[in-house]
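Across the two complexes that follow, chain A remains constant while its partner is chain B and subsequently chain C.
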Partner chain A sequence: MHELLLFGQVPSSRHDQVLNILAGVAAMQPVQVLEKHLVFKPNRLPASARPVQVGGAQDIQKSQVQALQAQNQGDLFYLRLVAEPSSTTLKGQGDGGLNAKVEGSDEIMLDVREANGGLVGDIQSTAPTEGDSQTWTLQYRDLPEVVQPGRRQITSRLMADIPITSGDPVQFMKALDYTHTATYLLAGHRFTHLSASILLHRLFLPAKPFQEIFNVSSKDISQARLLDPSGTYILQAAVRVQDGSKVETMTKGSLELLSLKETLKGVVELDMGDRLALDTRVR
Partner chain B sequence: MATISPKEIQTLDYTRQRLAQLTNSLDSLKNQILASDPLPPWSSLHTLSQMISVNLTRVAEHLTEHSALLSSLAAYPLPSYPGREQEPLLNQLLRKKLEPHVEDWVEEGRRAGEEVGDAEGWMELWEWAGREETLEEVVKGGGGGGEDGEKEEEEVDDEGGDGVVGETGQGTGTLQGKGEEDKEPMAMEEVLRFLMKGEEVKR
Partner chain C sequence: MAESLSLSLQALPTVNKDKKSLEYLIERINEQKGSFRNVTEESLEEEIQISHNGEAETSDDDVLETVDDVEDLKSNREAITTAREEILKQVFQAHSESAQALDFVSLLLSKYSPNQSQTTLSTFIKQNLPLGSLGGEVTQAPQVSELEKQNAKLASIGWRMKSLNSTADSLLKSASRLEEEVEKETRYWSQALAVKEKGWSLSRLPREKHTLGVRYGFAEAYSDFRDRGLAALRREEDGSLSLDRGFRSIGDRTIRVRLLHQGKQIASSMTAASKPSIADSVEAEILNARNSIFDEELHHEIHREARNLVNQGVRCVGTSVLIPFKSNKQLEIDLVSTEDISRDNAAEDNIVSSRMVENATLVLRILLSYAHRQNHQSRSKKPPALRESKPPRPLYPILKPVVEYLQHRSQVRALQTFLAEVRATIGKAGLNLTVGKSESSYDIASISAVATKSEDSSKIEALVQQLTSPLHSTIAINIIDGSTVVNLDIQTTLSLPEGTTFNVVNKESPLQSPIYQLPRSTQYTTLVDVENCITHLTTLSTLHHLLSKFSDWRTCSTHGTSIMRNRSGTRDREIVSLALAKGQLSMTWQRSGSLNDQGLWTWEAEDLEGNGETRSIFDVLQRLQ
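Moving on to the complex of A and B:
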């Protein structure tokens, strides 16, 4: 999937005004967003652990080994785990609910996937949840594509959001040999305008280490410290395109984003993000 | 009967001119509103309303300045006045009390004045009308006013905003008021870099 993006900044004194304007533009009330982001950095295999090539060019390698080597030589990317409290938690009723984590064997996982609604309900009722009613998503973002001068000034990048349906995502990342490097909370409001998703948000650094923030709540936010001490909000407008190789849909998406930029002219100046600042490669 | 001096006649004539100007500008506003559909452009409405308010002020100034003379004057017809032909005008000139529908207008205006006259009404009006202006000032790099002024403006801003958005505005609103205004916003690049890699730039 591809993502087309524009960014803008809103001083905190103008937040309410912009929120009102966006509500008018999108013809909807803002939806509150509260996300916990964990940033993971992949560990490069130490040189000694790499499979040593012996036997020169004639060496016949197993395809598996070849794939592994290719991976080692290629770029490694940061990954993000994003936890979003389910809608029930956000309303303050947080107890298990629809997005309950199923603590169980692979067998149950398979069952859940193949099950119809009734069976899912059964498992939820039998497997007690520990109040963990948040949904996890593994997010991958590529380095944005190079924009030729004269082309549309929009950030475009390959992306993937993988919903995690069960298991411990943090353990999973450890098993993949990724190190957790940072935690932040993203709080703000989301609007949907035609195909564009508009997110007006701020980033917070939690006071507690990330393990303790099991459920993200507005209480954590009140204890957290703003990443940007000036309290400036970030406005992100995004359009997702299923197939980035289709020029037609990409053009349509970009044009929509640019017309939104035009609409918001004078309210917020939307611009493309700095390509290197959005770099997710490990160096 | 004391005769009136030429200077006093001049004052009277001046009153007539001022009133004529005021009626003219009111008339042209009325005509514009009647003539154009849906409404005349914003800028011409604004110009007209400013003209009217200038004329009103001039009339009011003039009337207060010469109130002693004007209130002591009484009109009475000379024998040579063509009373029969100009009866309606004569009646209007000799009338002491206001006409009933004019009295209604005066009453209406007085009531409207009383409504905004109290402190609360003024606050309400300024919250509504002063908002855009103050916001603009805040945006222009913290505005020119002193600290207190800025804080006041912010309060007004907050109240106005919450009302429209409803309860959703409260979630993150709790953190405003921390005196964040004085600080420079972080560069967009730094924020994006943090979003991607979680590396905080030490400042």
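Moving on to the complex of A and C:
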């Protein structure tokens, strides 16, 4: 699957106004979005573990082995686990967050999990329990394609979203030999305009280590620290294309995105993202 | 020293031979020194001296001075050139003027002394004009009297007055015109404001930027209908607001549901009472336009769906859709123009409405609104990835619930009639069977129960979901004094498994009864099957009941419909068989060994001829002792 993207910036003072305009453009009410993102880094194979190539160009190898070797020597990419609470949980936890406040203390707030089973602090047991109504997705994003000058100014990249239906996603990532490196929260609103998904959001850094905020709730946001202290919102307009090799659909998607850019001219200037800033390769 | 080395790649200057000529040199000296008058021997020597001393001595000031000099020189030269050009222009002008004057005089004189004047005439005139073609004469100015002068003055004053008056008039006229215009504009805008205050959304027309439009269409409708839901608000001659729905509008239309019996109309949803109001104001017109576009879309969607429901007996004939309803009856849905309706209604006043057709119309409209709501929900979800082929537009379930309901109701009614008949029949024989009230999922009670359970936002959706989900009805039957309780569960759906299914559940039966040994739950798909089943169950429990009353009888076979007894002391065997069919319960009695010893008693639900048995089955059996 391919993803076509345009980005824009909205200062926090204009947030409400832009939200209103977007609701008008998309002819729908904004949908609240709250996601927790866990970033995982692959552990590089030690040099000794790599198969040593001998015989230079005259070495005849099976294609499978060649493919494996190419994989070993190729780029490694960060992966992302995204947790999204179901809408009912979001509402319920919002209320619960207020009730569960302990002794007015600033940093301690009872997690729903904590209240239910007291599993906090156990790093290993991050498996979703029965009470968890959040969906996990494993996300892969490629390095955006190089845009030739004169072509459409749109970020285009290969992507894959794999929904995780059962099991412990964190354990799974460990088993894949990935290390957890960062956690952030994404909060904002989503709109749908034709086949484009518009996301007006901000990123937060959690106040607590990630294991303790296994469940995402709005109270986490109230504690979290803004990644960008100015409070600027990011507007991301994305069109997903099933098959990136089909020129026609890619053109259709990018034209739609560009027409959205034209519609929002004067409201938010949408532009393509910086290719290297969106680099997901491990250095 | 590589960096200090700079090479010039210019071509070597070629020495032009002409440049050594005296003429060129004089010009150069003029360029360089300004004039020969400034060049003296001393000045030249001084210059040579300076150049010998080296360029190092030339100070910055000198350079600046020379630059200034050069600039002075340049501007001087430019001034001179422009002045020269100016002089030349004047001279040419003078020349041409004088030449023209000369030509004129020469041509005038050419009449009297052609030879002489020919010498001064220009060649152009000579070639193109004949000589002496211009003449001169002395004239005298006419004598104008004082009176005439006075008259002319008065006339001029009169003209001026007249034109001033007309100017004043036209100004007044435009003032009054402006006043009228203001009045019209005020009327237009106040009416537009009234429309706005009614809650209609006003906007600029996308094609005509200077026209106000009103949006009355439905945002979630199919694009054809959605785009048509916009009309221009134009200003009439008198300033009143008028709705312009464009060329595609064909007047207001509305959905009409009629009940037909063998092609003849019995009831119609369009009666004189329900006649749509005639639009007397713009707001009413907008409202009618909205109703019309909604009904047009509804008709379109119904037609689309009807083609998929042909297997259910739904037919599309021309623009109308026919749904089978009971025997010989049909529901006809069509789209009619409101004008036709009022004309038709005037012609025949005897059109009656019935709750049936009114409810059908209402349900169709509710279901389209619900489909719109669903569209909005799916549109607000995360969009799917773009593919090459667009997913086809799904059919809205609008006719389906109606057809389902009609089928379900007719099945339930048929079953209820049958049960009533059975009850009446065996009641005649002194047995009783109670049929409970049917409880349906579409009953007001069950729907409101669902609605109160769900949250506020989804209350309406829960209501409609009850309509669109498979229909359920349950009937409880109590056979013979509550010894056997059977639950009938009737479910109708047009999605797979299609049709009506009857689920017969034996809730309660005596342990010794043969019914107890039957499967507790059985499923049937036709009414005949379930009728047979109930007949069988009733017969079995009747026999069981008889056995419990008369202890000398016993069953012939477990699930048979006859009982027998051996006469004490003899080898004779008596057999009694029961048969329940078509509103008639018949009992036959036969004694083996003797052909004459047999009897037949029948109990009929509707004993018209009076030949049915009047005693109860117990009395009859008692007599056999």
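General remarks:
To be clear about the criterion, the second predicted complex is superposed on the first by the 227 of 283 C-alpha atoms of A that agree within 3 Å, B and C clash if a C-alpha of one lies under 4 Å from a C-alpha of the other, contacts with A are read in each partner's own complex, and residues count from 1 in each chain.
By our rule, a residue touches a chain if its C-beta (ideal position, glycine included) is under 8 Å from a C-beta of that chain, and two chains touch if they have at least 3 such contacts.
It should be emphasised that the depicted structure is a prediction, and the values quoted were computed from it without experimental measurement.
In the superposition on chain A, A:239 makes contact with chain C only, not with chain B. Contacts of A:147 after superposition on the shared chain: neither chain B nor chain C is touched.
Using the contact criterion defined above for the overlaid structures, shared-chain residue A:164 touches neither chain B nor chain C, since it reaches no partner.
In the superposition on chain A, A:255 contacts neither chain B nor chain C. When the two complexes are superposed, the chain touching more residues of chain A, out of chain B and chain C, is B. When the two structures are aligned on the shared chain, A:1 is found in touch with chain C, with no touch to chain B.
Using the contact criterion defined above for the overlaid structures, shared-chain residue A:190 touches chain C, although it does not reach chain B. Of the two partner chains, neither chain B nor chain C is touched by A:25.
Judged by the document's definition of touching, chain A residues 29, 31 lie at the interface with chain B and also at the interface with chain C. Of all residues in chain A, those touching chain C in their complex are 1, 27-29, 31, 190, 192, 194-197, 239-243, 246, 248-249, 252-253.
On the chain A side of its complex with chain B, the touching residues are 7, 9, 11-17, 19-20, 23, 29-32, 34, 37, 39, 41, 78, 141, 181-184, 187-189, 202-203, 205, 218, 221-222, 226-232, 234, 273-274, 277-280.
By the touch rule above, chain C contacts chain A in their complex via residues 219, 376, 379-388. Touching chain A in their complex are the following residues of chain B: 135, 138-139, 154, 157-158, 160-162, 164-166, 168-169, 171-176, 178, 180-181, 183-186, 188-200.
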